[in-house]
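Worksheet: the structure to be examined is printed underneath.
In this document, chain identifiers A, B, C, D and E correspond to the written order of the chains, with residue numbering beginning at 1 in each.
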Amino acid sequence: GTSDGGGEGGGSAAPPTMQALDTIGEGEGEVNILAWAGYAEDGSTDPAVDWVTPFEQKTGCQANVQVADTSDSMFEKMGTGDFDVVSASGDSSLRMIYAGKVAPVNTDLFTSYADVPDFQKMQAWNSVDGVAYGMPHGWGAQLMAYRSDVVTPAPTSWDVVFGADSPYSGKITDYDSPTDGIAAAAVYLMATQPDLGIENPYALDQDQFDAAVELLKSQQPHVGSYWASYTDAQKALENGSTVVGSTWQIIVNLAQADAAPVESVLPDEGATGWADTWMVDAKSPHPSCAYEWINWVTSPEVQAQVAEWFGEAPANTQACALTTEPTHCDTFHADDQAYFDKIWFWTTPQSACLDGRTDVKCVPYAEWGKAWSEVKNG
Amino acid sequence: MRGSRRARWTFGAMMALGLAFVYVPLVVIVINSFNASTVFAWPPKDLTTKWWVETAGNPSVRHAVLTSVEVAVVATAVALVLGTLLAFALARYRFFGLQAMSLLVVLPIALPGIVTALAFRTGFRTFLGLELSLWTVAIAHATFCVVIVHNNAVARLRRTGLAPEEASMDLGADGFTTFRLVTFPLLRGAMLAGALLAFGLSFDEIVVTLFTAPPGVTTLPIWIFQNLQRPNQAPTVNVVAAVLVLISVVPIYLSQRVAGESTAGGRI
Amino acid sequence: MTGVLERVEQPASARRRLSAALFRRPRVRLAGLLTLPATWLVLVYLSALLSLLVTAFFTVDEFTGAVVRELTLDNVREVLTTPAYVGAAVRTVAIAVTVTVLCVLLGFPMAFFMAKVAPARARTLLVALVVTPLWASYLVKVYAWQAMVQPETGLIAWALRPFGLSGPGFGVTATVLTLTYLWLPYMVLPVYAGLERMPDSLLDASGDLGARPARTVRSVVVPLIWPSIVAGSVFTFSLSLGDYITVQIVGGRTQMIGNIVYQTYTSNLPFAAAIALIPVAIMVVYLSLVRRTGALDTL
Amino acid sequence: MVGAHDQDGETFAVRLRGLRKEFGDVVAVDGVDLDVRDGEFLTLLGPSGSGKTTVLRMVAGFELPTAGTVELGGVDVTRRAPFERDVNTVFQDYALFPHMTVLDNVAYGLRVKRVGRRERTRRAEEALAGVRLAGFGPRTPSQLSGGQRQRVALARALVNRPRVLLLDEPLGALDLKLREQMQVELKAIQRQVGITFVFVTHDQEEALTMSDRIAVFAGGRIEQVGTPADVYERPATPFVAGFVGTSNLLAGEAARQVVGRDGTWSVRPEKIRIERDDDGADGAHGARGTVREVVYVGSATRFVVDLDVGSTLVALQQNLQTSSMDVQGLRGARVRLVWRPEHEFRVADQATDPAVAVPDPVP
Amino acid sequence: MVGAHDQDGETFAVRLRGLRKEFGDVVAVDGVDLDVRDGEFLTLLGPSGSGKTTVLRMVAGFELPTAGTVELGGVDVTRRAPFERDVNTVFQDYALFPHMTVLDNVAYGLRVKRVGRRERTRRAEEALAGVRLAGFGPRTPSQLSGGQRQRVALARALVNRPRVLLLDEPLGALDLKLREQMQVELKAIQRQVGITFVFVTHDQEEALTMSDRIAVFAGGRIEQVGTPADVYERPATPFVAGFVGTSNLLAGEAARQVVGRDGTWSVRPEKIRIERDDDGADGAHGARGTVREVVYVGSATRFVVDLDVGSTLVALQQNLQTSSMDVQGLRGARVRLVWRPEHEFRVADQATDPAVAVPDPVP
C-alpha cells in the first residue's frame, strides 16, 4: 500500500489525479470481480440464481468472481490490478479513492446512470471534489427491528436501544461494525444531545467521539449480542434472544417469512445505512469488460434480481417494475428520497472533518476500530 | 481399584455421560439436516429430505470440497516430508539446539490459532512478499501439520529403536537398501496415521485458512462459514456436516487400522 | 547346513561407498535431515511470527490503514493500560482455564474407563467413538451448540423446561460449554495414552496397601499421568485462548482476545499484533513451565 | 465372622476351596484347594500360564473367583475388595510408585490408614532398615538398582504387618547372581518376621531352595503339594517329574532291560555314578553307554550318555578335584552308569493323563 | 589390505588392539586387547555395564572406537561400516524384522547380496531346517515363541556364513528351563558349522557351560581370559573369584589360622567336605564351625557354616541319597570342614586394585 508517511493529516491530501476511460472498446475477454456475497451470483449457490453466465454469453468477457468478507479485505485487495471492479461500501470506498486504488469513472459510459435517482449520485462515498468514482449499485438502512409481541407499544425512537432504562436489557442487539456502531450512537446523540453539536455522525471531534463511545459503553451491559452475520441476527430475532436493535430489511423479511412477529422501523432520529458503489481499479487490465460488467449489473433486469436476492433497494429504479415481488421497491423505499435523506450512509471518518469544520480535528478511522473493540469488551 | 465394583460403575457412568455429551450435538446436526424449517427450533416440526436432494445437486459444495482436498493434499505431502525428516533428526541425534527445535515444531499448533493465522498473513505479505493464493494456504497448513507427522513418526522411531536397522546393515544392506527394505516399511504405518491426521486437521482448519486464503479460494470450512451467513443455507450446511460425520468413519477406521496398537486415533 | 563357505566379495558400488561414507559422518547425515525442515520452520513460520511481533511496535497510517514502519511503544502501552483490553485478557484466560479444567474433569474418567476398566476389545471402539467428532467440521459443531443452547427453542432449554429451568442462553456459559465440547478429545487422547502406558500393577499395589479407589486416583494415578494431562492442557488451553469464532456464535456479547485481534487486524495491524502479544506471552510462559514436566515429549 | 477350622481345629493363614477362574473361554484356574499354615513359606511352582498369578490375584482380591472361596485366617473374604483384606503383595515388576520417594512408597500403606506423619516415617524407616536400605529413603525408585527396588517393594508390604505376604515372581527380573543373593535374604527375612509367605515362581531351583512346601501347578490345577524333597524325589505325576529337575526317563525296551520292569522310570542325574566300562558291577542297577557330551558347570560336570539300549541319560558329578576340565577327554568314552535301585522311581506313562503334558523339551 | 598376523603367523578371526570407547564422560571400554581364534567359542562375561555390548558393537561396526583397532581375519576394519564387514550378529532382543515372514527374515542377507529368489529361498529353508524350524517360513515373528525367535535370529545370521558370529546375550530373555535347552542347542550348532562365536553373557553358569574360552570383563577392561576351568578354579583377580562361582573368602585372622598364611584365600564350596566334628583329621586343611543354614537345592545341598575362627564358608554336597532333607537336621550341628590344600587359591587383597571392585554382595 502507499503511505504518505505520517499520521497527521493523512485524509487531507487530494486523491491522485487519473484519467477516466474515454470509450468502451473491444472486450478484453475477461473481467475480475471483487464483490459482496450475493452481488455476482453464477449459479453455484443456487442454480436458479445466475446472472453472471448470461453476462459472459452476451459480452464474451469471462467473469472471475471473488467474494469478499469485509470492507477491509476489499480495501486490501484493490489497487494492484488483480481486480477490475469492486462493489465497495461507503466505509472503504473513500479510502480506496484517496489511496489511489480506484480510478475516476466516465459516467457517460454507464447506460443506466440516468435511471439512478439523483439523490444517490455524487455523494460523499462515491465522489471527491465533483469527480465521480463509481456507479451506484444499491442501498439499505440500518433499521430498527423489534419483536412486535414483546416490544409494545411499537417503538419510534432509538430510546429502547440506547436508553439507560430500556426494559429490554439483555435482549438488545447492535451491528458489529466500528463505523456503523459508533455512527449509530452519534445519530442518536444528534437528536438527544444537540449541545454536542454533532453535524455528521462520521465527523466527530474528540469530545463528540468520546460521548458516543461513552453512550455505547453504558449500553454494553444491556446488549445481548453484537451481530455480524445477518443470518445470526435473523435467528436471534426469531428465537427471541434479541427483541430489539439494529437490523437490515432483509433480516426482517426473512424472519417474517418464518412467521416470526418481527417488524422494522426507521426511527425518528434517523439511521445509518450503506450504499454500495461499483468502482474500477486504478490498474485495471480489462477496463472495457469492467464497464460492460457495471452496465450489465446495473441494468434494470439484473438489478431486479440482485435486489431481491440480496434484499436491498436497487440503485436503478427502473428495476422496480421487474421484481417478482411487485412491492419490493416499496418495502425498501427505493424511490423515496425523504427516506433516503434520513439515512447517514457509511463513509470513512478522517481527521479532516467531513462536515467541513476546520477548527477541530476529527477522530480518524483507526481510532474508531480500537474504540469499538473497547466498547465490546466492556 | 479395578477390583472395586463401585469404582468400575462410577467410571462407567462417567464414560456414558461423556459419550452422551459428545454425541447429542452430532445427533442434533443429523436431525437438523432433515428439519423442514430453515431456522432451528427444537423439537422440529416437520422432517424433509429436500435439503439432501438440494445439496446433492449443488456444484459449489463439490468445488469447495475439491479445494479443501487440494490444500490438504499439498499440506500433508509437505508435512510428511518435513515431519519425517525432523523426526529422524530429533529422535536419533543429540545436537545443540535440539530443545529449541523440538519447541519450535510444536509452536505453530500450541500458539493460539489467530496468532498463527495473523503471523502467516503478515509474514507472507510483508516479509516474504507473497500474494495470497491456494499455495499460501497450503504452506500455512503444512507448517502446523508438521508436528502431527513428526509426533507420530517420533513415537514409532522410539518404539522400534535402532535394532532393525542395525540388523539390516549387519546383514550387508547399505543405508539406502536398509531404508527401502526396513526403515520405511516399519515407519510407513506411523507416517500414514500421521498423514491422515494431518489431512483431517487441514481439511477442517478455518482460522488460519480465513487469514491466508485470498477471496475466492473457498475451502469447505470457508464455504460452510459463508453459507451459514447467508439466509436459507443452514440446512444445506447441516447436510454437508452430517455427511462429514458419516464419512469420518473412513479415516478413523483407517487410522485405527494403520496405527495398530498405538493410540494415535487422535490428531495429537 | 552343508553349504560350502563362500564369500561374495562385492565390488563396492558407488552407492555403497556413499552409504559407508555417510555412515561414518553422523554430522553430515544430521545436516541432511535437518536442513529442509529447519529452513521451513525458521523461514516460513518463525520469521512470520517475528515479523508479526515486530509489527506491534510499528504504527499505522490513520486513514488508509497502511502499516508505517516507525517504531513506537504506543500500541503495547495502550493494550496494557486500557482496562477493557486487560479485562478481555483476564476473561479469556479465565475461560481457557475453565475449559481446561472441565476437559480434565470430564476427560479423565473417560480416559480411565477406556484404558483401565473397559475390556481390551472395546478399547479400539471407544477410542474411535471419542475421536469421531474431531472429523466433523468445527463450524458445524459450533452451530450445533448454538442450536443446543439457544433460549426458548434450544434443545437444552426444551429439556430443562419440565423442571422449570431455562437454558444457559448465549454467553460465557455457552462459550465454555462449546469450547469444552470442541477440545475434549484433545484431552482424552493423551490422558488415555498415558494411562495405557501406566502399569496396572500400580493400581493393584495401591489397593493392596489399603487405599480406596478415590485415594488411588488422587495419590497414584493423577500424579503419574500429570504430564499427559499437561500435554492435553496445552491443546485445550491454547485452542481456547485463541478462539474467536465460537464466542461470536454462541457467546452473545462476550468478547475474547481473538475477537479484538480479528476486529482490528485489517484496520490497524500493529494494534492487532500488540493484542496478539498477550496470548503469545501467556503461551510461551505456559510452554516453558510445561517443558519442565516433560509433557512436551508426550504431545 | 465365624472362623472356619479344619478337622484338627487349626486355623490356616490362607485356605482355598474349589477356587476357579474363567476368562471368557480360558479356564485359568480350575478347582484349586490349598491350605497355607501360619508362618509357612509356600511356593506356587509351575510353567508359564499355569494359573499361579491368577490364584495369587484372587487371594489378594484383584480378581473375583468364578467359583470357590478364599479364606484368610478363617474368615471368608472371597468378595472383599483388596483394600479390605489383610494381605499385601510384592509384585513381579515391584509396582513402586515412581513419583514418590522410597520413604513415601514404604509409608504409603500407613498413610492411607491415617497413621500420623511422625509415626509412619519412623516405621517406614524401620522397615527400610529391616531390608538393609537405611538411608535410601529420600531417593526415588528410578535411582535404585533392581535388587534394591525389590527390597523396597518388600519393605512397603512388610511395614503393614499383613497376615500373609504374596510374592509374584519377585526375583524374575533380576539376573542370576543377584537372584541367588536375594533368595537367601528373602528367606532370612521371612524367618525373622514370621509372616506367612505365598511365593510364585516358575524357577524350580528357586522353589526348592526357599520353600517349606511347594504346590506344583499345571493347567490351572495343583499337581502335587509337598516339601521340596517330596516334590523332587517322589514326584506324584510325570509332569512334576519332568518339570522339577532334569528328568532322565527310561521307557519301553530301555526300561525293561535296565530296570527289569515295564513302564516309565526315572533317575535323577546326581544319583548316577559313572564308572569305567570295565569296572565290575556291584549289585546296583546300571547300563552301558557312550559319553556324547561333557559339560563343565564349574562346581560340577554334566555327562550326557547315550545308552546302548537306546535312551539318553544325564549324570551329574561334583567337581571334587582341580583341573576338572580333564574329564572333557571322556567325550566318546565307553562308560557304565550305576545307581541304587531305591533311586529309581516310576512315573505314570505319559499317555495316562493327556491333560497334563510334560513340557516339550524344544519350545 | 595386508593381513596382520601374530608372532606365530596365525591369523585370528577377531583381533582387538587397544580398543577404547568413550560416551561423553563415560569410558565404556577402556583399552581392550583380545584375540579370538578361528572356530572358537569365546564368551565375554561380566557384570552389567562392564562394556561387553560396546565391544561387540565395535566389532560389528555399529560404534566407532574412540581409539584402537578391530581386525577381522587379519584385515583392519575399524572404520568400515557394518555392511562392509563379514560378521553377523544375533541381537539380545533378536531384532527380527516384524514386517517380514520368517523366511524373508532369514533370506534378507542373501537378498541384499542379490542372490536370486529361487536360490535364496532354498538356502533360507535349509538354514531354518538347520535350527529345526522347517515349515515355519510363512509365519511372522509375532507368531513365534521366544525360543523360536531366537533360533530364527540364529538362522538369519548363519545363512550368510559369516566368518564370525556375534551373540549379545541371546538367551537373556528366555526363562530358565528354556535357556538351558537353548544353551545345549547353540553349542551343538556351533560345533556343527564351525564358525567363530563371540558370545556375551553376564550369567556365569552359561559362560562356564558353553565356552571354549571366557574373557571376564569389569569396568571396561578384561580381567582374565582363559578356559572355563582356568577362570573358575584359578581366578586371576579377586573380582573374577567373586564374580564366577560362590567365593568363599578367608582373610585376616581366619586365613592365618586355617590356611596358615597371611592374605586372602578362597576355596570353592564343592571342594569342601563336611565331617562330623569328632571325625579325625586326615592331613587335609580344615576348620571347625557350626552349621547356620542348610539349603536343599534338589540335586545338591548347600551348607552355610560359621567358622569358629570368624568367617563363613559355604560347602556344597551332592545329594547322592534319597530323603536328602534329613540333613536339614544338621542345622545348628558342630561340624568340621575339610579340603585339600591344592584347592585353596590365593586371591590378591581386595585393597590392592581399587579400580576393580569385588561386586557388592548386597546390591
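Assume a residue touches a chain if its C-beta (ideal position, glycine included) is under 8 Å from a C-beta of that chain, and two chains touch if they have at least 3 such contacts.
Please read all numbers here as calculations on a predicted model, not as lab measurements.
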Touch-network distance, chain A to chain C, counted in steps: 1
A-B or C-E, whichever has more C-beta pairs in contact: A-B
Chain centre separation (chain D, chain E; CA means) in Å: 25
Separation of chain C from chain D, taking each centre as the mean of its C-alpha atoms, in whole Å: 51
Chain centre separation in whole Å, for chain C relative to chain B (CA means): 13
Where chain D touches two or more other chains, by residue: 61-62, 81-82
Two or more partner chains touched - positions in chain A: 73, 232, 235, 239
Numbers and ranges of chain C residues touching at least 2 other chains: 16, 19-20, 23, 67, 146, 150, 153-154, 204, 206-207, 211-212
Contact footprint of chain E on chain C as seen in their complex: 1-3, 5-8, 10, 12, 16, 19-20, 23-24
Of all residues in chain B, those that touch chain E in their complex: 163-164, 166-174, 177, 181-182, 185-186
Residue ranges of chain A in contact with chain B within the complex: 34, 37-38, 43-45, 47, 64-69, 73, 77, 82, 229-232, 234-235, 238-239, 250, 254, 258
Sites on chain A touched by chain C in the complex: 1-7, 10-11, 70, 72-73, 75-76, 95, 98-99, 178, 220, 223-226, 228, 232, 235, 239-241, 348, 350-351, 364-370, 372-378
Footprint of chain D on chain E - complex, ascending: 47-48, 132, 145-148, 175-178, 181, 184, 202-205, 208-209, 227-229, 232-233, 243-246, 268-271, 295-300, 316-320, 322-325, 342-343, 359, 361-363
